[in-house]
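Next up, some structures in structure tokens.
Two complexes are shown next, each including chain A; its partner changes from chain B in the first to chain C in the second.
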Partner chain A sequence: MNEALKVKNLCFNYDENKETLVNLSFEVKKGDYVTLIGHNGSGKSTLAKLLTYLITPSSGEIYVNDLLLNEENIGKIRRTLGIVFQNPDNQFIGSTVEDDIAFGLENRNIPLNDMQKLVKEYSKKVNMENYLKKEPSELSGGQKQRVAIAGILALNLKIIIFDEATSMLDPEGVEDIKHLINEMREKDPELTFISITHDIEEAYLSDYCIILNKGRIYKEGKPNEIFNEIDDIKRIGLDVPFVLKIKNALKEKNIFINDDIKTIEDLAKNICK
Partner chain B sequence: MTNIFGKYTQYNTIIHKCDPRIKILGLILIMVICFLPYGSNYMNQLAILAVLGVVIVSLMIIAKINFLDFFKSLKVMWFMVIFLLIINVFIPYGNNEHVMISFSNGYTLYWEGVLNTFMVVFRLILMIALTMILTSTTTPMDITYGFEWYLSPLKIFKFPTQVVAMTISLALRFIPTLLEQANRIMKAQKSRGVDYNRGFLSKKIKSITTLIVPLLVSCFSISDDLSLAMEARGYDPYGKRSRYRILKFSIYDLVSILFFIILLGAFIYLSVITNHYGVNIIETLFPLTEGVTF
Partner chain C sequence: MQIEVNNVTYTYNKKRFDEFEALKGISLKIDKGEFVALVGKTGSGKSTLIQTFNGLILPTSGYVKVDDFIVTGDKKLKRQLLKKESKEVQILNKKKAYLLRKKVGMVFQFPEYQLFADTILKDVMFGPLNFKVEENLAKEKSINALKSVGIDESYFERNPFELSGGEKRRVAIAGILASEPDILILDEPTAGLDPNGKKEIMNLIKDIHKEGKTIILVTHDMDVVMDYVDKIFVLNDGKLLEETTPNILFNKENILDYSLEIPTFYKFKNLLKKYGFCKDLSKINEFNELIDIICEDKND
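Then we have the complex of A and B:
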């Protein structure tokens, strides 16, 4: 069992005339950082809700760690899979930061002493240890989102889904959270991240990328491969990552840059060499 | 926007440290004390209420309550005061002796009516002060837990107390969020030309609907998101959950329990001797004064 997530012929429609998701099939390897990109209305968020069993598929199957996602298994699956939503305000459940981080732990019936330790540990990880007693109205959007992430991380999950979790944050907040994700993945190589995003640069940096268009998988594969087909990407109105644009422009002038180079900093270093 | 009963402010006073269950019990006990009958002698009643007022004001000082906030919260009482005054003055009851105005058709207004109003209003002010002591020294979460504890006997009848507590705490948690949302919608509608301040009542009601409808809609979308977030984090309302906050009794609680018992005992004693035996406390305490009767 090398797949964290297996989706087979998944279909979903909110009403009978309009199909939201059509016959999706894909696999997510353990420990991968997978991005799902697509336009508004391409069915990204619906897919996220299906993966967490917040809505049930019209047809098709989802396996999480080889366990079929259904009413019977959902309790077990929720212990391995968590999701962070887009709006930080609407997922802040506790009345203070510490209560919110503890909420998921309370649901798991974890004893008080362990909870206190975990709350301290994970609030430190997201740099919120000085805000434990603060109420949500006293926090910024980025801080609230960091609390939500701490609440999910504290549950020691194996698969974490970010449903546009960084879209309401400022660039600095986004950077912080990217660092946090990298740190978590280094520590636990089995940890699978699925990020649903508009950010084409983030998608380019991921291990595997799935592009959704009108409820179907338009393309999937390693970002280097799929973004190289520039015409296809542009046809559905998506942008091409900045680094790739430069690489291609250089290629026309017969300057070849290694495929591994994905960030602007690395590219600059490589060109200067 | 602030709550009329005052927001929680963090200090390290004895009252802050006290168990919320004790505070709720104390609040109810002192409220009962406020409304005990203290005989028919007005001087006696006023004296007893004054003593109670001193007790409550000193509690407020101990709890470091901002008196400015307190007086601000009294503003909302104006309508009630006028209403009570009209009822009490124009519908005389009890023993009325001191005539205020005598109309030619034989209808008289008595000073006792004004005095009765004053005492009712004073009691109401004490109630507001008490509630303020509770809300500004206890977090909403702790108050909820306190109430949940008092509801716990209902568990025998399979009453879902933890679900009720969760509902209350979520409602409290989302008050600021909804206020913010309401402000945002108001600004958005103002920029589209809706006037909330001017115009006749009918026009005002019309413009308020432009606020309420979108607010309700966003309320539903928030609760939708919230329920998804709770479900995704494994919330099961009827399942077994552990507690992050556990209420513990401390030495302060013992002291406050004793305080409340003594207070309750003392005032019940006063109530019995004044009401039942008709003892005039002021004359008994200060026998030298000429019997000041009202």
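Then we have the complex of A and C:
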């Protein structure tokens, strides 16, 4: 089994007249960094809720590591798959930062000593080690998001989903979390990371990108390929990644830049060489 | 001067073991009709500061003056100011707080989570009714507010929870506009919206500004700052670091020290400089100009 996630003919509607997700099928390879993008209302967040069994499909199936997502398997699946949602106020459970990070660990019956170690380790990784005794009301939105992220990362999961999980962080904070995720992916090459995001630049850097539009898969594939179909991208009101925009504008003036160049840093180096 | 912030400090949990000084002596001024942004990293004090503007938080020392209202929690200072200022000036107290809150409308982060009534119109009417506006007039004001944010009349009797995220946010903003504030403060109004939703909300705010209202944004979104804002206050660690404009700020050599998310365009310009691009980029503020100068450089 090479797929961390298999979605087959997935449909979902909140009410009878309106289909929110229509016949979605896709696969996510183990160890991949996958981005899911699309507008508000495209069905991204509904998909996230389905993947975590907060709601159940109207029809179709989801397999996590070849295990069908249903009532019977959900306990097992939650030991391998975790999600961080966008609004940290809806997911702060503990009365203090340390309680909140420990919550998931407690559910897994981790011994107290190990738990204390993990809480310390992960609070440090998200730069919240000095706030362990603070209550949620004393924290900013971004700080609460860091706590939610630490709580999930500490669980040693195989599949991590971020649903706009860094939307309230400042750029330094976003970079910190990106580094942290990369570090964890290097340590465990089988760790699958799925990011639901509006950030086209992030999508451009991922291994695989799925674009949702009006509840259907609009395009999927390697970012270099799908974003190059510019008219299609613009048709649904998405932006073209900055690096690609520059590359295309230069191409028109007969200056050609290699496909491998994906970050603005590499692009600047290439232009200046 | 519409808003005057005078050496304001604010300490959370004063005299407790976890006392924390969020504002460390801030002074700034905002004129009537300005479109300004407060920026700075999380924990810089932005959200605390705006809450002093409508008296949700009273400064521990120093004061905020909004038109004729003085907001402070410093008793000694209150007495001094009352002696010094003209007769129209009032010190904010509980009884008068609603007058200030009517003047200063505040749209919090994710305002759509605060919708609660069973119809959209009722939700928007809550504000004016709360400010003791008579029912028929409250309804009229609410209808105007909803129309101004582009919510169609056919929606008025529907449940707000049937709306999409962007629509809910517009209803929430209408709920504040219905009370006809002079000053509108918005905390992260574009958080969680896609590029189209962002544009919609920001164009709406731009229209509200054109009507003569003062707009104060708290935001991490530097693309928004670049495209809409006239003046920026950069906060850091509870202090005012700088008062500036978008063009000046993003062209600064040491912009990275500010830990702001600068627009990709300016990030790229900085990287070009870093890797030794030969031509002067300081006057380049448009995409096409940048492409042209890169071509020129390559062809030299």
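Just so we're on the same page, the second predicted complex is superposed on the first by the 273 of 273 C-alpha atoms of A that agree within 3 Å, B and C clash if a C-alpha of one lies under 4 Å from a C-alpha of the other, contacts with A are read in each partner's own complex, and residues count from 1 in each chain.
Just so we're on the same page, contacts are C-beta pairs under 8 Å (C-beta built on N, C-alpha and C of every residue); 3 or more make two chains touch, one makes a residue touch a chain.
The structure displayed is predicted, hence computed values, not measured ones.
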{"item": "Fit-or-clash call for chain B and chain C when the two complexes are aligned on chain A", "value": "clash"}
{"item": "Chain B versus chain C as contact partner of A:F26, first or second or both or neither", "value": "neither"}
{"item": "Contacts of A:N87 with chain B and chain C, given as first, second, both or neither", "value": "both"}
{"item": "Partner chain(s) touched by A:L250 [first = chain B, second = chain C, both, neither]", "value": "second"}
{"item": "Chain B versus chain C as contact partner of A:E172, first or second or both or neither", "value": "second"}
{"item": "Which of chain B and chain C A:L155 touches, first, second, both or neither", "value": "first"}
{"item": "Superposed model, chain B segment overlapping chain C, candidates 63-71, 171-179 or 189-197", "value": "189-197"}
{"item": "Intersection of chain A interface sets (partners chain B, chain C)", "value": "87, 89, 133"}
{"item": "Chain B residues within the chain A interface of the complex", "value": "10, 139-141, 169-170, 172-173, 176-177, 180, 222, 225-226, 228-236, 239-246"}
{"item": "In the complex with chain A, residue positions of chain C that touch it", "value": "12-13, 18, 20, 41-43, 47, 109-110, 113, 164-166, 188, 191-197, 220, 259-261, 264-265, 267-268, 271-272, 274-277, 287-288, 290-291, 294-295, 297-298"}
{"item": "Footprint of chain B on chain A - complex, ascending", "value": "49, 52, 54, 75, 78-79, 82-83, 85, 87, 89-96, 98-99, 102-112, 115-116, 119, 133, 135-137, 148, 151-152, 155"}
{"item": "Sites on chain A touched by chain C in the complex", "value": "38-41, 86-87, 89, 133-134, 138, 140-143, 164, 167-174, 198, 201, 237-239, 242, 245-246, 249-250, 253, 255, 264-265, 267-269, 271-273"}
